[in-house]
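Multiple structures follow.
Both of the next two complexes hold subunit A, though its partner changes from subunit B to subunit C.
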Partner chain A sequence: MTAMKTPSPATSPAPPAGGAPRATKAARAPRAGRRVRRQLPTSPWLFAAPGLVIVGWFILYPFVSTVLNSFTDKRQLVEGKYVGLANFRELLHDDMFWIGLRNSTLYVLVVVPALVILPLLLAMLVQKQIPGITFFRSAFYTPVVASIVVVGLIWVWMLDERGLVNAVLEAVGAGKVGFLSDQWLLLFSAMAVTVWKGLGYYMIIYLAALANVPRELHEAAAVDGAGPVRRFVSVTMPAVRSTMVLVAALSSVAAFKVFSEVYLMAGPTGGPAGEDTTLVMLVQRTGTGLTGRVGYASAISVVIFVVTVALMLLVLRADRKENR
Partner chain B sequence: MRHSRIFRSPRRAVPAAAAVASLLALSACGGGDDGGSTDASGKVEGKITFQTWNLKANFKSYFEGLVDDFEEKYPGTEVKWVDQPGEGYADKISADAAGGTLPDVVNVSPDLVAPLAKAGIALDLDQAAGKYEKEYLPGAWKSHQVPGVQGTFAFPWYLNTGPLFYNKRLFKEAGLDAGKPPKTYDQLFDDALEIADKSDGDIATLANVPTIEDFGRYGVPLMNKEGTGFTFNDAKGVELLTKYKKLYDAKALDGQALTATPESTGKKFLTEAVAMNPGSALDLEKFKKDAPALYKNIGITPQISSTGKDNMYVMGVMVNKRTKQTPAAVAFAHFVTDAQRQMSFAKKVAIFPSTKGSLDDPYFTKADGTDETRVRIAAAKSLKTAVNYTPVLFSEQMKVALRNSVAKALQGKDSPEEALDNAVKQCDRLLQQS
Partner chain C sequence: MTTTTPDTEAVRAEAPRPRKWRPTDENGRRMRVWELALRYVLLLAVLALMIGPFLWQLSTSLKGPHENIFSSPPKFLPSDPTLHNYERVADTIPVWDYAFNSLKVAAANVVTNCVGAALAGYALARLRYRGRKAATLVFILAMLVPVEGIIIAQFTTMRDLGLNNTLVGVLLPGCVSALNVLLMRNAFLNVPYEIEEAAFVDGANVWQRFFRIALPAVKGTLAVVAIFAFMGAWDDFLWPLIVLSDPDKFTLTIGLNYLHGTFANDERLVAAGTVIAVLPLIVLFACLQRYFFRGVGEGAVKG
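The block that comes next holds the complex of A and B.
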């Protein structure tokens, strides 16, 4: 038996003073160590592979497929052929597309400001540590966890011509209001439901942000004579501005892609004469079923994607400007 | 070379390979296997899948018994029964058909058969099982034929039709004779205007806008003979829509009719907000259970039709052309829809068999004094001449187009002529694209 040639720690030369040891060829890692290093570039990918496959399968492939389909006349049971920009040209002449774009845009313009401001006010109310406040926090959060189908049905019952709201209006002598039969009232009713359902969710986000606002700032402002409104504008709002931007970004994308509330309240036709149709409803109506036009629905989906990306960029750009 | 480096570098090769593998796997999803054979004369054996539509909840034991009987009659066969929810059923079939995973035997309605037949997915029963044609009512056999495509693409299964229900109390309160419900369209519209007037617009008589079957029942020609274009914008169609506009303006048509669904109109009638609603024998039990006050005042009258023929709904059983077990699939589809099985199913639920002679069974002809039997006998009688007014080529998208055009006319945004011209134009375009 020959003695092992690998130097023992006791016999190894001491590292030079004042710095990390500099590896020489002879002193490089032993064989086993080299093998580990050779595996390093691949092994992270192996760990990530399941996630990558899922992302590729469920996100990337459908996205790429949608974009490719938008340039074809593909139907549900018939493989389409390439038609260039024909679907997009057809969109320009489709009244229903413009109605959908109008309604989705209107939804953003009405719902987003409400969802940026109202949950903040609500969060300030429930932030106070008073007895029983947990009950109110939970109560405001309840609509968030409720199923949208249940929420939609309840509101349909309430807003029906013979529903609770009209009964109250009649009782006070105001007469019936066609919440579910008038094109605009129906759309605004759906917006009210969206705001009502979203309040609790964004309230929680604001509560977290408000917890980080130093109390001293409020106290200092109060000492300087600032009233509640002044303190809200000058102290609270700047402190939670980044959260407001986040809420604006999230709610604008959600509002532009609204489907369930309007579908449940306006019915599968999209309200009287389809006047309450949103873009996502149009995708569903056009592209599904055995006779669905997948290519055309994909073109609408591409438009929705482009607009939502533009909305995000707009919000972030406004935030950057504000930061400067 | 830059491109080859992508694959030489292990860092990039792994994700690239994963992506390619995923895409290849996914691309395989769209590939259907034509497989199968149109020859149903071989030995009945093998494993097949049978898909129904919203039947498991109420008829589980019936279908399990049916499967057992078939497997006993044909040793060596195995039937797997799957039931899908009614909601999104067309989408489920569509996804299965596109993915090549459509079951061997499928419960369908004529409007679902049409695109499947056009795409070459439904087996032509005239070729594969023409010998069974004589067992069925001629109208029912034809209901699964598609204009422009040669063949018959599903066995007719059960039929349904029903009377018009009306609320006697609301009729009486409007000063009408509850014992003399309307028999013609003119009487219907007159009574509706009277009820709206007497109730100061609070009680509507109808809760839904006219659909394609209403146009058909009114005597409007719906499609040309070749099945290449719609024709419901003719003078008679305009006349019907003009009358509905008058009803809408007088609040004789419910204010929410423009967005109504069959479920919502049923609820309106149940809560006595509207005076009349079409229905079937199934509804009587529901009235008795859910709305006893209404049930006390329920009036039953035949459908109103200008053609002398009632509207009927047809359900079918289709055989997937790509099945590997054509003889077993055809045999099972026939087994489900034969006279014995249809009769047995009809006695479990208020539907009607599509087989010849079944409607002459005493069950459908002998009165026993109850409302249920009266409705059943009347419906069975009307089915001998009834028509499925909804054209098989009239897709969901077309239904929405018609409905939205009708709504525009009722709101006064378009004249009835403009609205129907526009609807026909849209439906023709959709027909060409299908």
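The block that comes next holds the complex of A and C.
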């Protein structure tokens, strides 16, 4: 019969007559006594257009203009002129930039290992079908559902000098800790909040991966006398390794771009002497407002792009190396 | 490691106790009671850590003006629970207007994302035309762009459109997300295409095939897109913070930040505000958690 009845997947993954030009051609071809008459003159581009317009206008165009602006001295309300690498040279001498870069990098170094390991352990904990486990899974996911502002404000209150954590610490005789007044404690508290909020999300990702671990492997290992720890290292870990890489990639990119947690806990100016500012906070601070330095903020954004891409490549490369 | 663990045969040989449910591990083997007990202890400990802060916030929001919220040792149950703080937060900031603003943006985001992503996803997966690969590439590239890095340019774009400080401005950049388009594309690709072929032979045009055949087949993914679109818009903080300057137009997240900044001393108020912000989401999540988990899992598997 016609080619349509036996579509070869290699050549045509889509129905042969989706688009208007082909549809008319197909309509002309006699096909089992039927003709396709009611083909509206619809271009496939009509389907893709809304998405393409939005994404092009509000994502890709701003991306390109961010890169271009980084070479200008553009300000809000003031057209800029080309200044070459001046913005980037200025970055090198900007203490605030180095503080931001340091904090964002530190964020990745602390948060990523925690978010690769802890959710996996949590997933193993909620994996077994025991009564009430669905409730526990949902409950552990609640911090993911709650918006970051709520989470931030809850922990500001929890970690306040007079808050719950300090009250508990005092009750057990440990004395008060100024979580939100010390530069480093503040940053680490924000990291802890990021991890706390992310646990449930990555737990679900791991749960899906664990479900795909072949049962036979565990059984065989058990028969061979492998204990739980041994089975975790030799069976579970290799089986979820690609998921660990995915989690590492997702969480490192997210951690480097951290904004809300630190902004809420440290305040708009980034804690004591601005020492807790992250790079995205710096972009927001320098680029907005009527006097916002668009060009300079764009240069910081370009650094963010570059580091983000580098992080992805780094994680993927580590993955390949281990694969060998 | 080399010591004897009871092998499967021995475990199975044990006299089966008459029980309704049999606790099993991921391999379908019976679990020992102490192991089960340990699991529940751990589960409860994590539960306290994950839910505790929310309950503490709820408790704070219910404590009256004369109750010491800084007592040591801390008291979890309000001695005289009151909803007074919820009234007060509404007197202090127009919290219900903010919630309504958030709701408007979130609802619009759901509609635009479902429609836009389904249409574009269908075009990428099922239609054939010159430039399809290029269109797919556009969405993939857009997905890779870190939004945090382009907010200043987005802000400038929005200002040129005269849409700064409007809810439309809050909505527009995310109203068709590239990730959702690609999710829908994958979903459409997984629909066996013989069905559509049959409809085509029967003379169904592209819209009919889209609405009557393809769309019903990807309802699950569409639900996931809807849920994430709602949550994303309801939770968004950085972008509304940049676009909105007029307190009348704030969304709930920005309003809460404002409340926190202005009335930082009254934790009861801030607590009441956060409860208002988080409760709808928890209810929504509780109702839809099945789709939720499936969606997150699917997303993970597909990368």
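The rule is short, and it goes like this: the second predicted complex is superposed on the first by the 276 of 324 C-alpha atoms of A that agree within 3 Å, B and C clash if a C-alpha of one lies under 4 Å from a C-alpha of the other, contacts with A are read in each partner's own complex, and residues count from 1 in each chain.
Operating definition for what follows: a residue touches a chain if its C-beta (ideal position, glycine included) is under 8 Å from a C-beta of that chain, and two chains touch if they have at least 3 such contacts.
Predicted model only: the values in this text are computed from it and were never measured.
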item	value
Which of subunit B and subunit C A:R162 touches, first, second, both or neither	both
Touching partner for A:T194 - first (subunit B), second (subunit C), both, neither	neither
Subunit B versus subunit C as contact partner of A:S138, first or second or both or neither	second
Touching partner for A:G56 - first (subunit B), second (subunit C), both, neither	both
Touching partner for A:F259 - first (subunit B), second (subunit C), both, neither	second
First, second, both or neither for A:T291, with subunit B first and subunit C second	first
Dominant toucher of subunit A (residue count), subunit B or subunit C	C
Which superposed partner A:S70 touches (first subunit B, second subunit C, both, neither)	neither
Which of subunit B and subunit C A:N103 touches, first, second, both or neither	neither
Contacts of A:W45 with subunit B and subunit C, given as first, second, both or neither	both
Residues of subunit A at both interfaces, subunit B in one complex, subunit C in the other	42, 45, 48, 52, 56-57, 60-61, 76, 160, 162, 288, 292
Subunit B residues touching subunit A - in the complex, by the definition given at the top	10-11, 14-15, 18-19, 21-23, 25-26, 30, 90-91, 93-94, 97-98, 112, 115-116, 118-119, 121, 255-256, 258-261, 264, 271, 273, 395-397, 400, 403-405, 407-408, 411, 413, 430, 433-434
Sites on subunit A touched by subunit C in the complex	4, 7, 12-19, 21-23, 31-32, 34-40, 42-45, 47-48, 50-52, 54-63, 65-66, 69, 76, 122, 125-131, 133, 136-143, 145-150, 153-158, 160, 162, 164, 167-168, 170-171, 196, 199-201, 204-205, 207-210, 212-213, 215, 218-219, 222-223, 225-227, 229-230, 243, 246, 253, 257, 259-260, 264, 280, 283-284, 287-288, 292, 294, 297-298, 301-302, 304-305, 308
Touching residues on subunit C, where the partner in the complex is subunit A	1-5, 7-8, 21, 23-28, 31, 36, 39-40, 42-43, 46-47, 49-51, 53-54, 56-57, 60, 70-74, 112, 115-117, 119-120, 122-129, 131-132, 135, 138-139, 141-142, 145-157, 159, 172-173, 175-176, 178, 181, 189, 193, 196-197, 200-207, 209-210, 231, 234-235, 237-238, 241-242, 253, 256-257, 260, 267, 270-271, 273-274, 277-278, 281-282, 285-286, 289, 292-293, 296-298, 300-301, 303
Residues of subunit A touching subunit B in the complex	41-42, 45-46, 48-49, 52-53, 56-57, 60-61, 73, 75-79, 160-162, 178, 180-181, 186, 266-274, 285-286, 288-293
